[in-house]
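One chain, subunit A, links the two complexes that follow: it is found with subunit B in the first and with subunit C in the second.
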Partner chain A sequence: MANATANEPILRVERLDKHFPIAGSNLTVQAATDVSFTIGRGETLGLVGESGSGKTTVGRCLLRLTDPTAGRIVFAGQDITTLSGHALRRLRPRIQMVFQDPHDSLNPRHRIADIVAEPLRLAGMHDARERAARVGELLEMVQLRGFGDRFPHQLTGGQAQRVAIARAIATKPDLIVLDEPTSALDIAVRADIINLLMRLQREFGASYLFISHDLTAVRHIADRVAIMYLGQLMEIAPAHALFRNQLHPYGKALLSSVLYPDPTATPARFVLEGEIPSPIHVPPACPLHTRCPLARPECATIPIWLEELAPGHATACTRAIAESWTTVPDVEPVAAMVGD
Partner chain B sequence: MEPLLDVRQLTTDYVTYAGTVRAVDRVDLQVFPGELIGVVGTAASGKSTLAYSILNLVPPPGRIVGGEVWFEGQNLLTLPEKRLQQVRGSRIGLIVPDPRRHLNPLMRVGDQIAAVMRAHQRVGKATAQARARDLIATVGIPDPEWRMRSYPHELSGGMCQRIAIAMAVANNPNLILADEPTAGLDVTVQVQILDLLRDAARRQGSATMIVTRDLGIVAHYCQRVAVMHEGRIVEVADTRAFFADAGPIGQSLLRATMLARGETAAAPDSDTVASARR
Partner chain C sequence: MESVQSAAAIDVASVPAAPAAVGGFRGEARYFAYFTRRRPLFIFGLVVVLLSLVAAAVGPYVAPYDPIKATMDILQPPSASHWMGTDASGSDVFSRVLVATRIDLVIALAATAISLLVGTPLGGLAGFWSSSRGGTRWASELLLRLMDIIQSFPVFILALALVAVSGPNARNVIAGIAFVNIPIFLRLTRSAVLTTQHRAFVDAARVSGESDLGIVFRHVLPNSLAPALVNASATVGWSILLTAGLSFVGAGVRPPTPEWGAIIAQGAEQLVSGHWWISFFPGLALATTVFGYAIVGDGLRQFLDPTKRV
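Our next item is the complex of A and B:
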């Protein structure tokens, strides 16, 4: 998985913006702002952040399910930002998506075999017998042999999600966007799905964008992790490096909030003040400055950018860059702040 | 120590056309004053039904078919409805998942908290309102004077859960039942809510039973843990002892949580039970 990063990335996102206008006003929901990242061939990029941080919007932009306001999406060397019609349809088999709620994303009136066959038919596999054979293979891969004649409502959540995965891998895509694929599932089923996804990746070498707020799952499956806050990337790093050490206060706050099932592990709690602001009124400059315990006055004025402070480990924290942090310091005592 | 809550052989069935499912099966469980106990299990293990059975609040087609629930010297299952209502919301507070759906959408949140107090205590409108405002401040919502006049849809999920906690503790209950109190909340909000729940319980000396699938919550907030599987309590242990050496069901839950390799014994079971329920 890791050695694939040396090659040309399968996906390059450059300065992506997605702002949804609000009817009857000049305001916009700034779902994604200036987002740039790459995904290597066979690599899994975890995209994490709180609800409302814009993770899903970014995923939907990659599939052109929604059109970006600005920026470029380059897939396998081709700019796909403005593809339409026939060219866009030709792209579809190569980028697939798995949604959060499997029962919502499967047509309730189609049988499982038809659901899995549909992308094959659309991709030009017109021979019914060939299609049926391939559907059989796919159902076998997701351990649902013999489920072809059933309807979605006859399946449990975990089984339905496996159907959605079979449908996603049917056309052997280069990239699969997995949008919270396990958050609607029970914990035991979640483990099955994660392990299935990892096994399929080893067999087919597809790249994953794994969108999730389940940080334990991300740590398990992702090669690299990108952290979003209010539509902007705060930190991006190899997974093992990020879970060991963070270079952005938001990353530290997020990771120190994870409750690991181990009563002896008591990480230093790094708490942000209040709650995430509305993406309609994103604070200027660093969007975190209104909640960050380490914020300085300049955090509210200097625009942010991502800079690599350790190999592959980039942060958007102005202070971290200015002071060349090797880690996020603990919150300073109040007395020290008075002197500033 | 005398238990505060003593559940004996509690049994609850769901009677459906497809057959009867025994969701809670001869459960014995004791909760002691002031303690935080976690009830864990996979989906469909009966943990939520247990919580609602304690309050005799199982929604149909569920039916309590046996057992006793002793709380403050009385068996809640044989109490007349009127007496039971004096216990619910007053001596025992309940916190449900997804509070926004359980708050009254047409009522200001301050009024909802005040109504809970006025249902159980002799307090005037103005006093109840003033106490509601204090409670809103206690649960960490800034600007309580203004926020108490908000409707639930104007608040975030985290804030609604804070309001729900304020309602649950409004009458100083001796026991708080919290069913997945942080489901659907972000991790940074989750720890704030759990800290709040723990501190509120500690301040009043209330015992708290947290029903959850999340062993991380148990590890960091509960002193004891009870593991449910297919309607039965299969293990009760001190938290540290549980994480050091859990029984087979506890082990499989732990492995699933950590996404560790190996058999996740609970997986096929919960899948089958879930499909039988549909």
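Our next item is the complex of A and C:
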């Protein structure tokens, strides 16, 4: 996994925009703006951010469940941004998705075996007998042996999500978009799902885009992490580097909000002011400048871009770039209290 | 309070073979038996529906008297030889009510089937189209406004007008009733499709490589039919009522053909002189049948809902 970035990336997203028009006005919801990143073969990229930051929209664009407004999506060297019809369906076995709500992602009228077999059937892989055997194998891999005849509502959330994972790996895809796969599950089940996903990745070598706001899970599973705020990438870095040191005030605020089960840990000191603005009225230039305790007047005027300040560690903070930060400075305690 | 109970119920039900876990027709039949056993009202509805079907099938062959022939025994009260008495022409009311079951049921079933077969696919299309753009969106809007126009008339008045224009016979009654029921099925299916097509399993099917047609017929429509199918049973009941209503005012099936509404209308003339049985018994048959079909419709909704299964 460590040398994955050295290879040609399986996925390259270039300057992706997704703006949803609001009916009856000329306003748009700017769900994603100028998003660029790559995912290497066998690599896991964690995509984190608050609710409404556009993480899911980016994932859905990769699967072409929504059409991007602008930008390019290059998968395995092929531009898939405008694929449609037959060509798009031929690509389907290679990119799969696991959804947030496991029960809602399974057709309630289909039995588990049929659900897992569906991508195989549609890809024309195997005849019916081989397919049944393959479904048995897949169910065994997700520890659901003998569940083939059941209906989705007879499963727990964790079991349903394992069915969704079995369906996602059925065609041995190169990339799986995991859209908050654990957020609807009990804490106790989350670790099982994360460990299952990691084990399957070791066995099959698929790349993951792991969308989540659960930073603990991201830290566990991701090789690299990208942080989104109001549809834009703020910071992207190898996971171990990012969790040790941040180069963007938003990254620092996000990570200092994680609660560790350690009574001696010092409480978070780096706090943003106020609430996240609406994605309809995204602040110009740096979208964070309205809340950032380190903002300068020019933050409201200079357009942002991502620049690498340390190996593999890029930030969109113009101040960090201008001042060549090695870390985000702490705020005076007085200033930090303003937000409260 | 409910979570504790349901948790216990799941433990008990899922460890030994849960009825629905058995595949195929036998599993369905076992679940149906299990489902029915605890619902006495549903059993009552089923019995009524079954009796109405049997009466429709064999009524004319087992009726004790000729339902049309006039006799000298006019306006006899209910007795051992005439269970529901006789009417002003001396015909046996029981025989007339029994024989009338066939025509009422045939009209109601045919009308409901037609409105279901027309309304459901149109509702499906209206649902898919309403989230599209351009011509199809426009077609969906047009369809809905047409339904608005149909529904802006009282159902009975519209059916009455249609039958009056086209002529009072069974075929036109079927067509009229089918027509006034189409908007219900169209709207029910459309709204179900609108909800269903945003469920995650539809996205999952697309990601699996399902075509548009596959998504419609394997995923969206099967999960959107329940409201229309459930409503069909109740619609049979209401259509019987409508058929009888049309005959009652003289716009439906013409006398002397035995039909519940027509018999009630004939009896109504005798009510004032105390001959209550001529209207009462066909009225009872009508009310019971309508009620029975409504109950069965409601029961089927619960039976068909896979999430209600343990």
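FYI, the second predicted complex is superposed on the first by the 328 of 340 C-alpha atoms of A that agree within 3 Å, B and C clash if a C-alpha of one lies under 4 Å from a C-alpha of the other, contacts with A are read in each partner's own complex, and residues count from 1 in each chain.
In this text, a residue touches a chain if its C-beta (ideal position, glycine included) is under 8 Å from a C-beta of that chain, and two chains touch if they have at least 3 such contacts.
If you're wondering where the values come from, they're calculated on a predicted model, not measured in any experiment.
K.L.:
Should A:D186 be classified as contacting the first partner (subunit B), the second (subunit C), both, or neither?
P.N.:
first
K.L.:
Have a look at where A:T216 lands relative to subunit B and subunit C in the superposition and call it first, second, both or neither.
P.N.:
It touches subunit B, and subunit C stays clear.
K.L.:
Kindly classify A:L63 by the partners it touches after superposition: subunit B alone (first), subunit C alone (second), both, or neither?
P.N.:
second
K.L.:
Comparing subunit B against subunit C, which has contacts with more of the residues in subunit A?
P.N.:
B
K.L.:
Counting only touches as set out at the top, which of subunit B and subunit C does A:R92 meet: first, second, both, neither?
P.N.:
Touch partner of A:R92: subunit C, not subunit B.
K.L.:
So in the superposed three-chain picture, is A:V258 touching just subunit B, just subunit C, both, or none of them (first/second/both/neither)?
P.N.:
The answer is first: A:V258 touches subunit B but not subunit C.
K.L.:
Quick check for you: in the superposed arrangement, does A:F147 touch first (subunit B), second (subunit C), both or neither?
P.N.:
neither
K.L.:
For A:N107, using the defined touch cut-off, is the partner it touches subunit B, subunit C, both, or neither? Pick first, second, both or neither.
P.N.:
second
K.L.:
In the superposed view, which residues of subunit A touch subunit B and also subunit C?
P.N.:
Subunit A residues touching both partners: 153-154.
K.L.:
Subunit C touches which residues of subunit A in the complex?
P.N.:
Residues of subunit A touching subunit C: 60, 63, 65, 89, 92-93, 95-97, 99-101, 104-109, 111, 118-119, 122-123, 149-151, 153-154, 164, 167.
K.L.:
Please output the residues of subunit C touching subunit A within their complex, sorted ascending.
P.N.:
Where subunit C meets subunit A, its residues are 14, 18, 20-21, 23, 199-201, 203-211, 214, 218-219, 222-223, 306-307, 309.
K.L.:
If you look only at subunit B, which of its residues touch subunit A in the complex?
P.N.:
By the definition above, subunit B touches subunit A via 42-44, 142, 156, 158-159, 186-192, 213-220, 239-240, 243, 252-259, 261, 264, 266-267, 270-271, 274-275, 278.
K.L.:
So in the complex, which bits of subunit A are touching subunit B?
P.N.:
50-51, 153-159, 186-192, 194-195, 213, 215-217, 220, 253-254, 257-266, 269, 271-272, 274-276
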